[in-house]
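There are structures below to look over.
Below, subunit A partners subunit B and then partners subunit C, in two separate complexes.
After this line comes the complex of A and B, so read on.
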């Protein structure tokens, strides 16, 4: 009986092992590579764990390349994008799903269309628009574009979180004389913290990874973000894999850490959004 | 939140009616519109207006993006429709779309079944499974180029350890670049599908499975007769949104191959990107964009007509 049961579990265990290797294997490998010295990383029989772990690659990355500047720019753009996306999508979701303005359904429909519009195809005219208002080659341009592409989806994502807050609370607060603005900040906003952190993390990650717009809207070297910078480093130092791996590890970590904190809500929010 | 929000039922209803009665609705609506305005302005300014501008630009003869131009009618469209390279790019986009859809759906399904377990590792996996999706595309590109590097990569080395020698980097080989990029991109995107399918699976009531088990249905039959049909609405939505998103991908391709070798990975969006910013033919790029959007819309319409689940409430 027990053996039969165990046999039954074999395919599942194998699939789990395959998933683990497929997802965590590459991440493990680049992390280990980043700590290897120049000789060890190119050895014909690769070592599973660095024999002489070194921080040399990281030191070179932060002293000999423009990586620190790329990192700073990415942080500025991503944090601003996250902040404004939270602001815009919270406000919009409050108006659409709580105050239920007339015509709100049409806006909600437009939101769904907006997040299917191919961003790349808008690159050319968007560049012209920004050129007209003198915003080409500024971080602000990138923040505006990022917020415009994340906020519609995030507003839609917040819908589920808004519906989870009982309307009785509004009514009770209205009786107490709280106006809609006070109600929004004092009552709904605190309850919406999980939703807002989901939205913030989504916007941060979106901005952190965004390549197409950053590649055209930013021209100056000292404004470039990580996706552009790291690919430039890849072009310049093709043989220095250790350096490139250190750069990749430092690019991956800031995307994973916020996700680890808000991931629980994030997965919940995405699945809730998908099911509805 | 304080105790103030707790209002006893009946009394609350009466007070509520009074409060609603003397509140002027237009102030409430004004506030609502003011709150929605920033989002609408952003969508109009960054998505709507440029979309309109693409159409206008496609009837002009602009070269470098932003330079002067004059009206030329349908000339650009004639050139776009007669351009063999464009149709080849559309064909590659088709391969890209179908390849990504098939690979990602299969992996996402298996993953959704596996991460739904009760064990400690399965629970942890619900978080780390999403890592490939969270990390920047540029990192994905570097990781896979390093893993598949023909001299030092761990994948060719592992292959030669089991007897497959001389495996070069697939990204430099015009026959292998496309499938390799599809696999790489699927690694980046499958977690999203997996989590969505997993979430949908959890909404299927356990009693249905219980009943199937009592009837003696095996796991295979249960999956095809119960799980799969009940997931149809979610799979339909995922198929539509996922396909549109995959179609539009430029970064995964551009960061690794720039559309090469010998245009082997130039899909329609990469073709447009190159035309506008490397060949400096903004109007041609705009015309090609419009044709692509029309083709995409037609495809989406066709998909919705054919694949929409029948019992849709």
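After this line comes the complex of A and C, so read on.
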């Protein structure tokens, strides 16, 4: 019986192993390549582990390029984007899904429509507007654009979390004399922490990987973010693969870490409300 | 008690909301705009790799150290984004003072209205340093020069002498049939005879164009600017390219600039057609001595062939909003082309950036570079190849205003892809290319 059960598991285990290799394989390859010299990276018979592990690519990355500056800029923009997205989407979701506002459902629908507008269509008009208000070539411009793109989706994302909090709690708090603001901060906010973590992670990762607007709105080298910096390392005509691999490793890690802590909430947030 | 905590949290959040954006403001210097008191000229270039950025910066620092009225500040841009970016910048009057360019990009920027003619400066520099004709011609239109030529680039046939010796091949191919025969001989096991790109990108555009030039199909516009792409010479060049792709690595359909070079240096491919960026990293990436790197002119068609290769000069346009700033920009360009500074500028990517002036080609600031000295033979061959080079839209004295629409859509690369990925015949793909180009230039 036990053996039969074990055999029964084999296809599932094989599928999981295949999926793991498919997902983590490229990441492993990039990481190992970052520790190889340029000849070993390109060798036609690839090596699984670096033959002569070297930190040269990382040294070059942090000394010969503006990578530390890109990293700092990305952190500032991503943290601010996450903070303001949490603030805006929490307030919006509370109003739309918790308070009984006439036409609230329609407004909620409109917010999602806004999310569906392709960002690239807005490139030139946004550049001109930001130029008029002296925001071109500032990190603020990126934060504003990122929040504008993440907040609608995050407001919708919080919907499931709000619905999971029974309205009876609000009523009980109201009976105890709590007003809407106090209820929002004292009752709902603490219960919504998983949802807000999800929103924060989503906004952080969105901002961390955002390329199109950053490439248009930032002009100065000292304000550029990681995606732009990595693209610069790729360069025209020739590629320094070692530098690129080291840059990719250092860029991926900060995006993975928040997911390790909040990943389960994120999946929960996407599926919340799907089953009653 | 609890209410106090909530208040404190709210105050903290508000404080964060106020303080964090201040941190985000950053020290933006912004594009020029040319305010009255602003004595900094903005220079946009698209040479992004760190070594090129650092080398250009050294030249700029040396210029700024001479205490000019207007100092120069470089801002590095991305070729893939520059078309949208410059358009937005000109419309919002925040364009840079100096913008690096190539001939077809110039045809795109000029109609935006901010480019200043630099005829007197080019003529003055020509007298002083002597430009080659090919360097200047692509920037002359309406009896004016629109950019100052700075550095040239030309494609060659690169080959691995060690792999040639193993296959018993004693010299580089000179004709298309020899090129194909050698590619076949060199293909065995994991090794391919040649690595040519077939991605929808400028790299593919340029490699197929080099073969079109040596097959007599380099000029695909009539004197009146009509498209004349669909002709037997173009079909022949495309047929050869399709045959070469059969001797290329199987992922050539995704290749751009970096991949053929990686295949070449790893020994996965014995030949490649590209520019002088193959020199500097060869030893480090291949683990082979410099003597194993061979270079030769692009092979010519067996019948009706002619010497040629894609060749173009990179240049600088002046977009300053007022005369004083424009004069400052011109002073900087004069400084760059002085032989004592020019070499340092060119050696931002030794071998890839070739001199365009007579005194620049012999300037010790360029010739003393390690890479240039080590690969002297190939460098000389590239300079020689430059003399017969050309660029689509600018051959035979042409200046096709609409060429940017053809190159911007990578129509040449798309023609290659139709043969390589869709299995179309070269004749049908060329016919399709003719239609696409006609549509592009008529818009």
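We adopt the following convention: the second predicted complex is superposed on the first by the 249 of 276 C-alpha atoms of A that agree within 3 Å, B and C clash if a C-alpha of one lies under 4 Å from a C-alpha of the other, contacts with A are read in each partner's own complex, and residues count from 1 in each chain.
In this section, contacts are C-beta pairs under 8 Å (C-beta built on N, C-alpha and C of every residue); 3 or more make two chains touch, one makes a residue touch a chain.
Just so it is clear, the model here is predicted, and its values are computed rather than measured.
Asker: Overlaying on subunit A: subunit B and subunit C, fit or clash?
Answerer: Once both complexes are aligned on subunit A, subunit B and subunit C clash.
Asker: What is the contact status of A:231 with respect to subunit B (first) and subunit C (second): first, second, both, or neither?
Answerer: both
Asker: Should A:223 be classified as contacting the first partner (subunit B), the second (subunit C), both, or neither?
Answerer: It touches subunit C, and subunit B stays clear.
Asker: I'd like to know which partner A:252 touches here: subunit B for first, subunit C for second, both or neither.
Answerer: first
Asker: Looking at the overlay, what does A:123 touch: subunit B (first), subunit C (second), both, or neither?
Answerer: After superposition on chain A, A:123 lies in contact with both partners, subunit B and subunit C.
Asker: Examine A:16 and indicate which partner it touches, taking first as subunit B and second as subunit C; both and neither are also allowed.
Answerer: Touch partner of A:16: subunit B, not subunit C.
Asker: Residues of subunit A touched by subunit B versus by subunit C: which partner has the larger set?
Answerer: The partner making contact with more of subunit A's residues is B.
Asker: Contacts for A:165 in the overlay, against subunit B (first) and subunit C (second): which applies, first, second, both or neither?
Answerer: neither
Asker: For A:27 in the superposed arrangement: first (subunit B), second (subunit C), both or neither?
Answerer: Only subunit B; A:27 stays clear of subunit C.
Asker: Pick out the stretch of subunit B that clashes with subunit C after the overlay, from 6-14, 42-50, 60-68 or 114-122.
Answerer: Of the stretches 6-14, 42-50, 60-68 or 114-122 of subunit B, only 60-68 runs into subunit C after superposition.
Asker: Going by the contact definition given at the top, which residues of subunit A touch subunit B in one complex and subunit C in the other?
Answerer: Of subunit A, residues 42, 44-45, 87, 123-124, 127-128, 131, 216, 231, 234, 241 contact subunit B in one complex and subunit C in the other.
Asker: Inside the complex, what are the residues of subunit A that reach subunit C?
Answerer: 37-39, 42-45, 64-66, 73, 76-77, 79-80, 83-84, 87, 123-124, 127-128, 131-132, 134, 136-140, 143, 182, 185-186, 215-216, 219-223, 228, 231-241, 243
Asker: Considering the complex alone, what residue numbers of subunit C touch subunit A?
Answerer: Per the stated touch rule, the residues are 2-3, 6, 9-10, 13, 16-17, 20-21, 23-31, 44, 46-54, 74-81, 84-85, 87-89, 91-94, 190-191, 257-258, 261-262, 265-268, 274-275, 277, 281, 284-287, 349, 352.
Asker: Tell me, which parts of subunit A touch subunit B in their complex?
Answerer: Residue list for subunit A touching subunit B: 12, 15-16, 19-20, 22-24, 26-27, 29-30, 33, 41-42, 44-46, 87-89, 91-92, 94-96, 99-102, 104, 107, 110-111, 114, 116-129, 131, 144-145, 147-149, 151-152, 155, 168-169, 171-176, 180-181, 187, 190-191, 205, 208-209, 211-212, 216, 226-227, 230-231, 234, 241, 244-245, 247-248, 251-252, 255-256, 259-260, 263-264, 266-267, 270-272, 274-275.
Asker: Would you pull the subunit B residues touching subunit A in the complex into a rising list?
Answerer: Per the stated touch rule, the residues are 1, 4-7, 12, 15-16, 19-20, 23, 28-29, 31-36, 38-40, 42-43, 45-47, 49-51, 53-54, 57, 65-66, 110-111, 113-115, 117, 121-122, 125-132, 134-139, 141-147, 149, 151-152, 154, 157, 187, 191-192, 195-196, 198-200, 202-203, 234, 237-238, 241, 244, 247-248, 250-251, 254-255, 269, 272-273, 276-277, 282, 285-286, 289, 292-293, 296, 300.
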